[in-house]
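Inspection log for the structure reproduced underneath, given as structure tokens.
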Amino acid sequence: MKTTTEYLWFNTKQRQEFIRITDQVAAVVAKSGVQEGMALVSAMHITAAVYVNDWEDGLIHDFQAWLEQLAPSGRDYRHHQTGEDNADAHLKRTLMGHQVIVPITAGKLDLGPWEQVFYAEFDGRRRKRVIVKVMGE
Amino acid sequence: MKTTTEYLWFNTKQRQEFIRITDQVAAVVAKSGVQEGMALVSAMHITAAVYVNDWEDGLIHDFQAWLEQLAPSGRDYRHHQTGEDNADAHLKRTLMGHQVIVPITAGKLDLGPWEQVFYAEFDGRRRKRVIVKVMGE
Amino acid sequence: MKTTTEYLWFNTKQRQEFIRITDQVAAVVAKSGVQEGMALVSAMHITAAVYVNDWEDGLIHDFQAWLEQLAPSGRDYRHHQTGEDNADAHLKRTLMGHQVIVPITAGKLDLGPWEQVFYAEFDGRRRKRVIVKVMGE
């Protein structure tokens, strides 16, 4: 069994930003030499998400508006008594999910026609990491 | 390490349909010969979900009503400017999750007493796939 | 490839309880001897969740209040016609997610600075299990 581990770093200009990372994940898989296996892609910070969905700006806008509705910012969250102001970012990332497993078949990401891997930042403007861990043969 | 990959195809009659797939996943695991490992079950289309929960029609009705409330259809989503009309399906599948890992112990799916694997279709009436990828020994 | 499987048992005093389990997961990984791989941590009951987020009481309070708002208890759910009264627990656990994969690097859980693994019980006061399955080398 082979394993390869890499860390993708992000430092977004805006507090909230959605970034397509399919190509970076594919590059780690290519480097690993794994032909059959899985790649775990997981946010290492608890106000960011990793998810799979469409690469279409309108839909990304819809996701953001929807998350703001279901997990609004600017509320009087208990977490803010610690001095933080990002409780909504914890909730939003929970709705989107913080990790995905991408299957690897014949040395490639085995994704459907519209599947793209995204990093969703909800409390950016600082350096944050995503782990990509490949396991297989 | 052994790996086995199969694709389950679905073409639902209704736009939204929830289908129990535990037995199909178990069949792939049996065929793989893996005794200890994991089975990834992942929707390859971005308007469908794979989740684990109860095989009880009332609860499935509750899930559907609840998803319609949290991610309603028929709204003026930005995604629809592309000609699509299924933005709510992308949101609903995000709430349910698009993949699960089923542990395999002693050659069987290691599920709790009420755990069942479901495929949840939110934009059906066309051929769509789920990947089942088994890894282990 | 090595695999190790253990089951964590819970029997909470309250119906809803959030319990940090990072140390128990780390103990299973240490015992497994796996240096590079992944640990699946998955609730085996369908009214409980496993998630990764902050170990901060205020935020846990926020999660609970937010889940109650999005998936309220005490409603006239169809599932309750079976004699159950816990449909909201099924919905809440779906929002939080029922499993996580923790990467293992150099023999340790490869977690970001604030990542903690939690068990979230939404229908407790009875014995329930979480599987921890470690795979790697």
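The first chain written gets the first letter, and so on, giving A, B and C; residue counts start at 1 in each chain.
Here is the rule we go by: a residue touches a chain if its C-beta (ideal position, glycine included) is under 8 Å from a C-beta of that chain, and two chains touch if they have at least 3 such contacts.
All values derive from a computational prediction rather than experimental measurement.
Taken as a contact graph, with one node per protein chain and an edge wherever two chains touch, the assembly is complete, since every chain touches every other chain. Two copies of one chain, subunit B and subunit C, form a contact in which under half of the residue numbers belong to both partners. Rounded to whole angstrom, the centroid-to-centroid distance between subunit B and subunit C, based on C-alpha atoms, equals 20 Å. Multi-chain contact residues, meaning those touching two or more other chains, occur in subunit A at positions 1, 70, 95, 97, 101, 135.
For subunit A in complex with subunit C, the touching residues are 1, 3, 5, 40, 42-46, 70-71, 77-82, 87, 90-91, 94-95, 97-99, 101, 129, 131, 133, 135. On subunit B, the positions that touch subunit C within their shared complex are 1, 36-38, 51-54, 56-59, 61-63, 65-66, 70, 95-97, 100-101, 103, 105, 110-115, 135-137.
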